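Below: one structure in structure tokens.
Chain nomenclature is as follows: A, B, C and D, assigned in order of appearance, with residue numbering initiated at 1 for each chain independently.
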Amino acid sequence: MTKGRMEAFSDGVIAILITIMVLELKVPHGADLADLRPLGPVLLSYVLSFVYLGIYWNNHHHLLHAVRHVDGRILWANLHLLFWLSLLPFVTHWTGETAFAAVPVAAYGGVLLLAGVAYWVLVRALIAREGRDSVLASAIGSDFKGNISIVAYLVAIPLAFVERRIASGLYVAVAILWLVPDRRIERALAERRE
Amino acid sequence: MTKGRMEAFSDGVIAILITIMVLELKVPHGADLADLRPLGPVLLSYVLSFVYLGIYWNNHHHLLHAVRHVDGRILWANLHLLFWLSLLPFVTHWTGETAFAAVPVAAYGGVLLLAGVAYWVLVRALIAREGRDSVLASAIGSDFKGNISIVAYLVAIPLAFVERRIASGLYVAVAILWLVPDRRIERALAERRE
Amino acid sequence: MTKGRMEAFSDGVIAILITIMVLELKVPHGADLADLRPLGPVLLSYVLSFVYLGIYWNNHHHLLHAVRHVDGRILWANLHLLFWLSLLPFVTHWTGETAFAAVPVAAYGGVLLLAGVAYWVLVRALIAREGRDSVLASAIGSDFKGNISIVAYLVAIPLAFVERRIASGLYVAVAILWLVPDRRIERALAERRE
Amino acid sequence: MTKGRMEAFSDGVIAILITIMVLELKVPHGADLADLRPLGPVLLSYVLSFVYLGIYWNNHHHLLHAVRHVDGRILWANLHLLFWLSLLPFVTHWTGETAFAAVPVAAYGGVLLLAGVAYWVLVRALIAREGRDSVLASAIGSDFKGNISIVAYLVAIPLAFVERRIASGLYVAVAILWLVPDRRIERALAERRE
């Protein structure tokens, strides 16, 4: 089975998620600059989620680049990841509307955590299919970034109830960590070619 | 005529349907955990419909994999399937909002039934085109899973007015039955290759 | 320039239009069958527009199948068609909400008319590029169906103010006329191959 | 890394943006022609944004046509452009709802300015990758149109507070300037082939 349709479907879902979030930027009734002020936290959470979805799309792109075949198990591991990503607009909006209140910030972390776990499961399913000595397996390696992200979410969720600014800051820090795309796979592919 | 654009269009529609359902997860005004509680049934029906749309996408993917050509009749049989799937967000939301009341649960089953029939019609149109001794025809065979699903929906719809929990449970059972993707087609294709 | 991206973009826009219309099927607050009754005209106009968008996608698919190259002029003729199609959800909802009142029915016809004209302009732009003795030009021929549709819309728009049922019936009649896909192009392509 | 998925993802996002704007065309409660009148400015800003998104899609199409490879930096430059374009529905709706009031018109220009800058950054990233003597670099050349657009936005933003009609007129003028697609790239590609 070819991977083309799975890529196309994932691209479609992520493209829709990244754009429907903007529907929650409710237009103010007034026409003054001051009317934009309440939108501040909504815009902030939108930017954060836009970057996270961009990171997932980017890494998904790199991940599948090193893969040749997919099977039913991989299709479902992928849908499982898309499910958790599909809840991102909901927690984004809740976080923004409540100006980063404790429970929404923790819920945001929970969705990020479950999406992170789903990505990990997808990577395992792909490695199981490609083989332990495949390009993909050597490229992923010990997956330092993935592990540190999961730890950061696990710390941020309870922390949201104590100090929600630091919890939110942790999400930003993880995003910055990932903004550098996963060059490991590109490098491993280049090495194999030589 | 190539099947590429029909696959792309179906992927697009299913990707949109699977994601716009999340727009119905209305963000609570409060910021407490208790504010999430009324969302319980809405989230439950969302998960069920996400899985159903995932199953349809998955099986559609497998089905068209064994097909080489499409014609006008197939394009319309496909649009007919997409029409019934497009009503899934509506009955999903209605079922969730009313916490799985009798009529919405029956309506949910009605949409599943009509989508199931539309899938059956699409399969017949494809077999009519590919031939009775094609890979596809032998892969589909007696279509046990498709038939049992139709029966389950037919039982669940009147049952919703008596015991809506069992009716809803039947939808979950059919989903679990289908979660294992249609390996018959993969197997038949592999056999033909040998 | 290849036509692939223009096809993909058009597929995307039409797939979104065909699905966002369902967002207007507002879920009733009650859970009785009677609560569905006010949705009757909304569902009716949804079905009609779903079929029209299906027809446009289908014919667009056939039209571009016979085309090899696109240029800037064709890209804009295509965007112009997508613009009028993008207004279909608006008039669909208005027609449904007002239970097929005179002005909305006339507006619906106006959007169909302008989309029909835009399709005609796109066909001309494609023929200008492919040449008057191309497969496409001979396949389109005198374009009986396209012309009769334009005439039907022109009759239906004023008629909506006199007898809105006949005007609405004309839209249904045109849709039925088009439901048979444009086999002329398929036939002309097959003949050329021989 | 191939450019296919980046094109598909961009097409998806732009197709969604261009269509979700129509969701803001709220259906009037009445059924008279007079009920459409308040929609005038909303429709006007919709048309303008539809044309701008069409221009971006068109130029993006031409731009990537002359490119062979993409890397992580280009993927993010592209996502950065899509981010600013994703704010277009918001300012479109605000401008329409307030009948082109000063602050919304300035905000509209601000989003156009930042999208223009993001496009410039994407072009630089592509040239950096393709080389200073590539087809792309010679095709872009001094980028007169891009520069004049940035200047026009910079003039229009403060002007919106003085005379919002002229500011809005400047946006229309820039759109007309770009409606002629970027033939420089087509020409350079054709020359190179000879």
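Quick notes on this one:
The criterion applied here is as follows: a residue touches a chain if its C-beta (ideal position, glycine included) is under 8 Å from a C-beta of that chain, and two chains touch if they have at least 3 such contacts.
The structure displayed is predicted, hence computed values, not measured ones.
The chains in contact with subunit A as well as with subunit B do not exist; no chain meets both. Between subunit B and subunit C, two chains of identical sequence, the interface residue sets overlap only in part, with shared numbers making up under half of the total. Chain centres here are Cα means. That of subunit A falls 37 Å from that of subunit C.
Centroids built from CA atoms put subunit D at 26 Å from subunit C. Contacts with at least two other chains are made by residues 8, 12, 16, 20, 23 of subunit C.
A ring topology is adopted by the chain contact network, closed into one cycle in which each chain touches exactly two others.
The touching residues of subunit B, counted against subunit C in their complex, run 1, 5-6, 8-9, 12-13, 16-17, 20, 23-24, 71-72, 75-76, 79, 82-83, 86-87, 89-90, 93-94, 97-98, 101-104, 107. By the touch criterion given at the top, residues 7-8, 11-12, 14-16, 18-20, 22-23, 25, 27-33, 35-36, 47, 50, 54, 57-58, 61-62, 65, 179-181, 183, 186 of subunit A touch subunit D in their complex.
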